[in-house]
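Naming follows writing order (A, B, C and D), and every chain is counted from residue 1.
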Amino acid sequence: MEILESGIGEIIQPFDLDEFREWNRTRKSRKLTDKLMTEQEAIREFVYDGCYIGTELYGTVRCPMSLAREVVRQGFKDLRVCGQGVLELDLWLAAGIVKKLDITYIGLEVYGIPPSLRRAVESGQVETCVEWSNASISWRMKAAAMGVPFLPTRSMLGTDMLKYSAAKVVEDPFTGIKVALLPALILDVALIHVHRADKHGNCQIEGISGFALEMARACKRLIISAEEIIPTEEIRKYPDRTMIPYYLVDAVVHAPYGSHPGEMAYLYGRDEPGIKEWVEMSKTAEGAQEYLDKYVLGLKDHEAYLQLIGKQRLQECVELREKRE
Amino acid sequence: MEILESGIGEIIQPFDLDEFREWNRTRKSRKLTDKLMTEQEAIREFVYDGCYIGTELYGTVRCPMSLAREVVRQGFKDLRVCGQGVLELDLWLAAGIVKKLDITYIGLEVYGIPPSLRRAVESGQVETCVEWSNASISWRMKAAAMGVPFLPTRSMLGTDMLKYSAAKVVEDPFTGIKVALLPALILDVALIHVHRADKHGNCQIEGISGFALEMARACKRLIISAEEIIPTEEIRKYPDRTMIPYYLVDAVVHAPYGSHPGEMAYLYGRDEPGIKEWVEMSKTAEGAQEYLDKYVLGLKDHEAYLQLIGKQRLQECVELREKRE
Amino acid sequence: MSEEYSKTELMICVAARLFEDGTTCFIGTGIPMLAAMLASKTTAPNLVPVFEFGGTGAILEELPRAVGEARTFHKGISALGICDTMETAQRGFIDYGFLGGAQIDPYGNLNSVTIGDHDHPKARLPGSGGGNDVGSHCWQTIAIMQHDARRFVPRVDFLTTPGFLTGPGAREAAGLPPGTGPIAVVSTLALMDYEPETCRMRLKSLHPSVTVDEVKANTGFELVIPAQVGKNEPPSAEELRLLREEIDPTRFYI
Amino acid sequence: MSEEYSKTELMICVAARLFEDGTTCFIGTGIPMLAAMLASKTTAPNLVPVFEFGGTGAILEELPRAVGEARTFHKGISALGICDTMETAQRGFIDYGFLGGAQIDPYGNLNSVTIGDHDHPKARLPGSGGGNDVGSHCWQTIAIMQHDARRFVPRVDFLTTPGFLTGPGAREAAGLPPGTGPIAVVSTLALMDYEPETCRMRLKSLHPSVTVDEVKANTGFELVIPAQVGKNEPPSAEELRLLREEIDPTRFYI
């Protein structure tokens, strides 16, 4: 089973499964403790300069925006990031806090290529971009979540994606086909926004799960923000709805409208004007800074953000929500 | 990435991912057709002599017992089976229809080693036993479900399990640790019992999911039996509860109490006397045959089986069900 | 005689007519969403839309603006995660995929990563996203492109999403699943397919009032020009009504 | 002065006392279930029981009779599937695992596959089940055994579940996760642990009225006998009351 080809991309986040096991043994309590914190407390305690960090799902959908803004507010630097992202990573890029990227897609969806991404990468401010497909980065987390060093795939074969990734092509010893081996990805910090969580960190998600299950199991520190904090009795009544069990979680932040201006399935729809405001202002570095000042740096916390947005606009988002029918 | 060790076990079910892809392309309709059938119709249409077949979950828990009994009733032979099984596979072994086994565990749980297994294997009637752990067989299905030729694991290393399996040990090219590569398992036929399904085969399961998601995605022919047939509107109202989408499914059988004498979470508890009856009667070949005559061969179908069990005993099982509280 | 319509509306209609009823199809943001909705309201009522982050079989009553938003699983068959969706594609269950990019080459290879050198790019683009996966695992893919010589290039700067790679047999040699590959390009000027023997892009049919020379002039490589070049029907009044009144009444895209 | 009790009740109590509070533990069918329930009602109220088919953190109000039944996720923290549970173990989240088998050797290796030759066995046993996985991934494992010379053998006929394999360093050399391995055996006669230097089974403490010679006579290999051999407390009246009245009132197991 020789290596037929190796990507020249850097493994931005080297991993050691035995060290991960030891971490999970010694740093993850099995006790049901109260992990409720504010955004400030959680980000201050678990995020650090240079850490490898990721967010789920993405900017306009069930995204931990209140946590992402707090990361900017606390002024961390040299972050190594995997994305898959829209507004959240674009904010980080505009704030100049990203040093290396395992990049799959950072865009503004229908609004196109993010000027912040272009400025950050073309200026060399982001030092390294290692390329992965959306599925590949999810499978890399899935490998870590399974506790294995790699997963095979038939994605990326034959392209420059393989060449500029850190994957390796081998011949399957059972059937002889070629597969790319994707190295496990163990994040230092993961930020995930959910519909409901109890104070211990047991989480329920509605609608698509994105890659929340994989990321929650593939990180050393997991900060959960939740639209609603529910009693543990509710969790225990529906154990089959628990997608992220408490022992994976380090902090639980109560963040109503935590995904704004993005949407939250069945709770509120996206705030199109709010999204467009970033699209417009981020066209220039100055405009992006103005946005950051107005919506992030100039505000104390998520509560201040929600006050700035205002009850009426939030209510309008609620009226736009997807309904079960 | 050389092969450090190879199990001497046979790959009882050789696989070809490209052929599987072609099958999924040409033999699995994307249309929402009516797949409702009786046990007889479904088993007759999709099971065949010598096929590689599996059941989920196992004998006393959410097990497709009505389908398993029908397989015996129709007198197929030379089945190749993966198990993980209790009553269902024990019945098949007693009926002498199993030729080869990818065996993980076939036992009577608290009641110990199944005499039927001993008779079938020690007599040589079962020609081949290839050994796998419970996790390994599930991961083999997961590999097929992912569309990849293998998955790595740290199970089975250093033991006779590895030696008598068909796994291969390699050194991980990223970190240098040893891992066992488990070959994908693509079943010819899978039988899965669920709580609710619509006529197209969209399935909802409550409680633990066992390995239903993996098996449903790792087979060429999938027969679903369901406690309840629900309208597709119910499925579409809760798309996040669909564990098995219709396009994987070939037949849907309405089978109330389909897991009896096993349990069905939140619907009915297990029928201990019913289980003990098999435990007692299967101690001798004659007794096992007597049981088969009484509960399987001597009965026309599942409805006749339920009549034999009787409303009162079934009601007693319902009263023993797990409740959400 | 059809009324006035925009290039975008025309592309949507031409793309929509390519959908085959009763098939599964990966839908990306933008034109594919409108085309899928139009198709499901016209020629492909049994189309099964698949969105990469988990939504499958949605009833597209309202136009999705993102591949993860709730509209992608509205009254859907299932709402799972990206791994399940992509593994479903890897198992061969997804028939079609729509793709886009900043560059396309004669073999249908697409670039959405960088213009210029990867490590010192003239322009950084969003990245593969699910594009590479869709191009690797779906049975057939269709590209939607602005048609000009800067986008239709002899060689893409960064091969992000596999078309036929270097030509006949190249996909299989690379390990990509046999029988997969690009089948069409819908551009602002015409509809292209691929010449079976060479796997090179071939002009199939022209949009109304577009000439072969115009297409050649806007293509940065030698396009295969068959003896017979067809003409694409302009949007019908009904197609335009559906697009403007039912599918995108707020004119979010069109 | 404690009242009458059965060998099984004694084993359950000795096993229950080994549970560490606030830890995760793989629970198999039989004695481990009773021991886990007893522990959670006495010394380990914060024990997190894990059952291989998906139940985690259940409140064990009624005695499970199978590792998949609803009682294994009664008021549980989560009810997922076997892959998630086993992957959680592979990631290092499961502290303890209880194991059983037909044979055990001096290094704590267990056999539950065949007696005699694998391909022509004298006796076919159920198979590994989750045993091999639990023995591979859990940090520490505890075996529950009938104590006689046919079961405590120099070499198991089929090495199903890894103990220390051939001795010090052997698990790591085989690729099993560092720092894992067996820590104890609860038998019908005594409690054993392992000598750190040799990884060989060592007598730790005797059940009431059992002698060292009796243990030796019933062990098919040379057991390490330390200078000090302890004594296991008989079941307390409270332990027996819990077992008989609360945990297994129908005497399903005991």
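Criterion: a contact is a pair of C-beta atoms (placed from the backbone, for glycine too) under 8 Å apart; a residue touches a chain by one contact, two chains touch by 3 or more.
The structure displayed is predicted, hence computed values, not measured ones.
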{"item": "Chains touching both chain A and chain C", "value": "B"}
{"item": "B-D against A-D, pair bridged by the larger set of C-beta contacts", "value": "B-D"}
{"item": "Chain B-chain D separation of Cα centroids, rounded to whole Å", "value": "28"}
{"item": "Geometric centre distance via CA averages, chain D-chain C, whole Å", "value": "58"}
{"item": "Inter-centroid spacing, chain B versus chain A (mean Cα positions, whole Å)", "value": "37"}
{"item": "Inter-chain centre distance, chain A versus chain D - centres from mean C-alpha coordinates, in Å", "value": "40"}
{"item": "Contacts with 2+ other chains: residues of chain C", "value": "55, 73, 75, 79-80, 83, 90, 137, 177"}
{"item": "Residue numbers of chain B (touch at least two other chains)", "value": "17-18, 146-148, 153-154, 177, 179, 207-209, 237, 239-240, 325"}
{"item": "Graph class of chain-chain contacts, one of line, ring, star, complete, other", "value": "other"}
{"item": "Interchain contacts, given as pairs of chains that touch", "value": "A-B, A-C, A-D, B-C, B-D"}
{"item": "Complex contact set, residues of chain B against chain D", "value": "57-58, 60-62, 86, 103-107, 109-110, 113-114, 117-118, 121-122, 124, 129, 131-136, 138-139, 142, 153-161, 164, 169, 177-180, 207-214, 263, 265-266, 269-270, 272, 321-322, 325"}
{"item": "Contacting residues of chain A [partner chain D, same complex]", "value": "17-18, 20-25, 28-32, 144-148, 202, 217, 235-237, 239-240, 242, 245-247"}
{"item": "Residues of chain D that touch chain A when the two form their complex", "value": "22-24, 46, 48, 55-59, 73, 75-80, 83, 87-93, 95, 137, 139, 177-179"}
{"item": "Complex contacts: residues of chain A adjacent to chain B", "value": "1-3, 11, 15-18, 146-154, 168, 170, 172-175, 177, 179, 181, 183-184, 205-209, 237-240, 324-325"}
{"item": "Touching residues on chain C, where the partner in the complex is chain A", "value": "29-30, 52-55, 65-75, 79-83, 86, 90, 109, 113, 118, 120-133, 136-137, 158-162, 165, 170-171, 173-177, 252-253"}
